[in-house]
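Note that the chains take the letters A, B, C, D and E in the order they are written out, and that residue 1 is the start of every chain.
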Amino acid sequence: MERLTPLLEVRDLVLRFGGVTALDGVSFDVGAGELYAIIGPNGAGKTSIFNCLNGVYKPQQGTITLDGTALTGRSPAAIASLGVARTFQNLGLFEHLSLIDNLMLGRHHLMRTGMVSGMLWWGRAKREELAHREAVESIIELLELESYRRMPAGLLPYGVAKRAELGRALAMEPTLLLLDEPVAGMNLEETEDMARYLTEVRRQLPLTMILVEHDMRLVMDLATQVLALDFGVVIASGTPAQVQDDPQVIEAYLGGAA
Amino acid sequence: MTAFLQNCFAGLALGSTYALVALGFVVIFKSTGVINFAQGGLLALGAYLGYTFSNNLVLAFGIAILLACLAAALVGAGFERIVLRRMVGQPPFAVIMITIGLLFILEPVITAIWGFDNLQVRNPWNINTVEVGGLVFGVKDLWTIGLTAAVVVGFFLFFKFSPLGLAMRVTAFDPEAALAQGISAKKVYAVSWAIAAALAALAGIAMAAGPGGLSPSIGFIALAAFPAMIVGGMDSPAGAVLGGLVIGLAEALTRGYQDQLFSWAGDNVSIIVPYLLMIVILLIRPYGLLGTKDVRRV
Amino acid sequence: MAKPHRNLVRDYRQDLRLFGSPMARTGLAAMLVGLVLLPMVVQDDFWLSVLIYVGITAVGAIGLNLLTGYCGQISLGHAFFIGAGAYVTGWAGSELPLFLWLPVAALAGGLLGAVIGPFALRLRGHYLAIVTLGLVFVGEHLWRNWRSLTGGNSGTSINSQVSLGPIDFNRVELAGEVYSRNQGYFWLVWVLVAIIALLVKNLVRTRPGRALQAVRDRDQAAEVIGVQAGRYKIGAFVISSAIASVAGALFGSYQQFVSPDEWNLLMSIQYIAIVIVGGLGTVFGSILGAIFVGALPALIDRFGDAIPGVQTSVGGEGFISVFALNQAIFGVLIVLFLVLEPRGLAGIWLRIKAYFKSWPFSY
Amino acid sequence: MLSVSNLEVVYDDVVLVLRGLSLEVPAGSIVAVLGANGAGKTTLLRAVTGLLVPHRGKITKGTVRLDGDDITGADPAKIVRKGIAQVLEGRRVFAEITVDENLRAGAYTRRSRAEVKESYARVLDLFPVLANRRKSIAGYLSGGEQQMLAIGRALMASPRLLLLDEPSLGLAPRLVEQVRDIIVQINQQGTSVLLIEQNAVMALAIANSGYVLESGKVVKDGPAADLLADEDIREFYLGSGERRSFADIKSYRRRKRWSA
Amino acid sequence: GGAGDQGSGGSGGTGGAPPSTTGFDGTTIKLGVLSPLSGPVAVIGLPLTAGNKIWFDALNQRGGVAGKYKVELVQEDTQYRPDVTVQQYNKVKGNVVAFTQILGTAPTLAVLPQLKTDKMLAAPASLDALWVREPNLLPVGGPYQIQVINAIDYYMTEGGGTKDSKICNMIQDDVYGEAGLQGLQYAAGKYGFTIANTQRYKTGTENFTGQIQALAGAGCQMVFLTATPSDAGKIWGTAAQARFMPRWYAQSPAYAAALSKSPITPYLQQTTIIVAEGTEWGDDKVTGMKDLVARTTQFGPSQQPDYYLAFGYNQARAMTAVLEKAVELGNLSRDGIMNAMNQLGKVSFDGLTDDYQYGAAETRNPPRSSTLFSVDPTKPFGLKTVKYNISSEAARTYEFKKTS
């Protein structure tokens, strides 16, 4: 796939926790429409990159620019409204809310109803609920979540919960979607399903995705570009094939099996 | 200067009592993750048991204290056994409410047994005093401070070094994972309730041995100990002690200088000083002086 | 994206209706009719006054549930806001008509909540609970010393106008019949319960309410999807305090006299009890909880005398007086109840509901 | 050493999750359990270690025996003392305390200080990463680090039978290999292992025998080699044979289930 | 003998037996009691109610009100909470003729509006000056203010005080404390001294060192204490430990018998005077006391000597006087009772407290006398009379105003 103009530019990111340096001068570009994968051993700093991207962590150094807008220094909520969505490594669903409500929350930043108009219901609140509910239903349909609509997210089977997280992120209508290990803990069949959803989403929506995943087959099959990290440092980047053959990556990450 | 020192001493004595009560809160919080609102009731119960052992059974005061602590511990463990054990894994809110329910039960039971009248506990401390360099120390206050110190050292060692101490901590964090380590949650809960009740009893008797005597409202002190627990950090025994002393001193000193320094703030400011101090400290340190921060990662 | 089928859209509309099923609608109608008729049937002043206080606490409890049940912030400071509402009524109630002093009380409570709410941003869980507990004590100090407003220790009488157009709730005239103050207040209070329940119910099922619950469940994840957690936490505080103030205003208006001793920790605890016993995060549960906690002592009081071996009056025979026993029974019932159903009355309610009807989208 | 027969487990008095499940873990062996999400694998482990209680689950039928002793529904503490340790699904490290304290908590049931010290050394030896972060707060470790800590903590009890619930979840490929090797190593040191895995390749590579669960029942079992050779298993769990690229899976979905 | 003590053969009304009405079925008169019978304030509510009951039990034995109508008490627990009091009031108001006890200032004020609309008479159980001018209330005893004024008078005339003495006070931070403060402020005006220092405290305070230091620091020679027993015990204990030896004058509720058998007894004997009414417990030279002791022995053998007991007893007696007046006027309805209340003259309490001039609210005149006691462990209640029934000029001229 040809490279497009970079949508996301990350420059010299440095993130420290006390004595631990989680990210140590990480730079990379992600072009619009790419499916960009980040791999690396456990603790390499992959999730930390995501956390910096959406403002949960404040990096000590470096800049992040999305489509010309600086993300660094903004609050997570502000970054979300700029169109950055993500899924979480250890499930970030609101467990007492139903699946529908979780997805509707994805549309939070697209809605306007405030406390007062919400209380009054008739008028804006009702209109918005109906309109956005429609959008949510189409995601439910896309991800085949119909039968779980009313179930509290906390009771969803693991595989479904992962899918629901994807759904919530999609509901945000993001330009940049961050996926943190979407198929961890899934068997082959479920992994295939997830791959299918991801492909389908990419086909239907003008999305750029960054994928963190340990399932190498998924990464190799889907990614357009791969970045490999170790100890917070970029050790390789390029096409999947290039990275897969990089001796440093094999040594630090893939081991003998790959 | 004498007045200042005298007020400081009063603050220490008061702070020790707070510290004992706050320690009881901390123990239960540490192992079960709930605030025990019944602590005041246990304190009153312990004090009345002490009265019975000392006055009715005419036992030596030291023995009476020991027996009262023991009996209170049994009651505490009994609560756990009969009621709270059934609540393992249930939402903490429900458990907190149950401790409130227990308080509602304890109060009338105590008054049904001992009545409402003011009782004088037979004790060797009375209002005796020791005078050192122009300062007058109440014997009872000295004992309270001493007993608190001893208990605190014991606690520190227990939590830091004994496996049961560690077990109590991890059970609070994740009861199921603790169970999987072979830690008997039942034992942990029962032990912490017993310890908390014994501490409450000790504090109760120390208070009741004063000239004010013993009346059912003695348990109210538990409310005043909340700020102590919070200032120190809810899950830190050392914090409870530190918090107790800080709050005790602050209260006593504001009281002592009410007329000179605080008359603008209305009468009796010292009552709310613990709460104000608590609010200020928490704004600076949201987990108290020594409390553990919540660990949250996404 | 594929357009959902038309039929489905009609379904959402129905889906969004609060009382969608015929079952629910019949229930609602029955409740409303009951509300109107009850004071005509039960004319006993005792039960009316009990139910008026229950209604007032239900209002406050709905507010607390919004904060604690929906937004996950425990507050032991509710009594403070209730007191504030009562004093505002004492100050404005005789000058302004009902439809003004009630909103003024709400506004005052909301403002206080806005001042205190930011604390909630820094504090979590139990820490917040105890800090708000401090509020009760600081508030008590304030009430004792702000004599011009509160009458200091001696308390203050509250004289409030309670008429709405032609209806004077002190003496309701309806179709030629005249109804007493207690009957009038019953209607006033319970209509307000219904209105506030409806408002809060609407709030929690729309965007802001969902955001509150998201913050409760996982505040970091909520931020990441664009919910400004801080704003919603403060918002919950403001609305909850405003509602508490309304409850306080009604309390003062009905009782006609209040003193600083009333806004104490016990009152806050009682509200927490209602919310927990009723069920966290349910509006209807708060009302049930208020009935349980408010009316149960009255019931025990009625029937406590029937228990043998109990001293039924001061100076009578027996081991434990009926009065002490009432307190103990109340405690025992709360404990027993929560051991059996930790999700509270709402849990039982849900079970009954699930038994009678299965949701259209069940699997 | 562990034998489960005819086990039925019900959650909340209504949800029947295990429906007459039987399974054997011979002493000294590694037994793998495969199955889709929600098949009841975790429930099986809970039933063995007595952890159903906090989940409002109950064994309604069947028995669990350890070396012939009936331990059905026994107290978890007692089961740990009898030599079964479990690595919980989702790691469940004690987030607020240090790595070191987590490990010590794992040794709660052991009395001899010397032995605990020895286990401690062994765990740090197996997981050098943990040795470096002994004083760190466990909650801030990365996912993989936490998984290692969870396994290490279970080993601190010096179990005769180790139950692992999806230990490879979220681990980097090289670490999956490491964990695999560690499991083998632990097994060679005399601990029997019951291994629950989604990563069937890894599990069957080291297991002696395996079980496939579906809806709370065993639908297939046998020596690992046989399972590896099984057509269905190859297709559904291993994906070997002529492997399709994930990118090519467009709009069809496997619907086949074992007829049970 | 005072009101109601005629027992049998009462005068009855000229109009024959009063018709039955709410709370009166022609033979039995029901009276309400709203009192904290559980919870922390039950320590006051219980003896008060027992006092009510002992009087009425004795009265019933003699035949009842006007010799004919037995009295029955309907007791309800208020937990000292205004809202519960309102509910309980509503519960019993349809069953009773009047309330012979409502305990607590706030609870009383909370039901006062309803008392007015219901034309109900109630006897509040506290010595507040607030009650004197309220038509629907039937107070007994000399208000707290009177106690303070008389105590100061004694201190000035016989206790060694001058207007230059450092006179201080220590009060509980509530209405009761305010009453004590009011009395002292009035006395300060009358006797020309300034209050050198006022310390407030909240009930249940654990450590009083600060207050005692402050009082000692201000050089107080006399401290007037408005407190309740457990706090008073701690206050005196702290003072004793600090070797602070002013003259203490304390309001009657500050004292409980237990204090005369406690470690601080010697200190109290040296320093303290209790201001109350009537006479020593068990003083059989005073008719009222003789009767009270005898009746307590008969009808409440387990009751300990207590001010509150005597207070409840007096309340019941005042209520009896009203009822007898109403019977005499032939009307036990609420209007009848209010009417009787307005026409009631002076009621004697046989020396337990001084005579009370009832009647229309504006014309009422409460007792202006107090008795001073010192602590003496050999006495049954631990108190020995120092000065019996004094009523100072200042107390006699104290004016009671209607509440706002």
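Just so it is clear, a residue touches a chain if its C-beta (ideal position, glycine included) is under 8 Å from a C-beta of that chain, and two chains touch if they have at least 3 such contacts.
Which chain is which protein? Per UniProt: A, D = ABC transporter ATP-binding protein; B, C = Branched-chain amino acid ABC transporter permease.
Remember, predicted model here, so these are calculated numbers, not experimental data.
The chain with its Cα centre farthest from the Cα centre of chain A is E.
In terms of the distance between Cα centroids, chain C is separated most widely from D. A separation of 48 Å divides the Cα centre of chain A from that of chain B. Per-chain CA centroids place chain A at a distance of 29 Å from chain D.
Each chain gets one centre point, the mean of its Cα atoms, and the points for chain B and chain C are 32 Å apart. Between the CA-based centres of chain C and chain E the separation comes to 38 Å, rounded to the whole angstrom. Residue positions of chain B touching 2 or more other chains: 107-108, 111, 267-268, 271, 294, 296-298. Shared interface positions of chain D, i.e. residues touching 2 or more other chains, are given as 140. For chain E, residues touching at least two other chains, in rising order: 38-39, 42, 46, 173.
For chain E in complex with chain B, the residues that touch the partner chain are 38-40, 42-43, 46, 173, 197-198, 200-207, 209-211, 213-214, 217-218, 229-231, 233-234, 236-238, 240-243, 256, 258-259, 261-264, 267, 304. Within the complex, the chain A residues that touch chain D are 17, 20, 39-44, 47, 89-90, 157-160, 181, 184-193, 195-196, 199-200, 214, 216-218, 221-222, 252-258. By the touch criterion given at the top, residues 88-89, 163, 166-167, 169-170, 173-184, 187, 292-297 of chain B touch chain D in their complex.
Note for the complex: chain D touches chain A at residues 34, 36-38, 90, 129, 136, 140-145, 147, 166, 169-178, 198, 200, 236-239, 243, 245-247, 249-251, 253-254. Residue ranges of chain C in contact with chain A, taken from their complex: 1-4, 8-9, 12-13, 15-16, 199-200, 202-203, 206-211, 213-214, 216-218, 220-229, 235, 239, 281, 359, 361-363.
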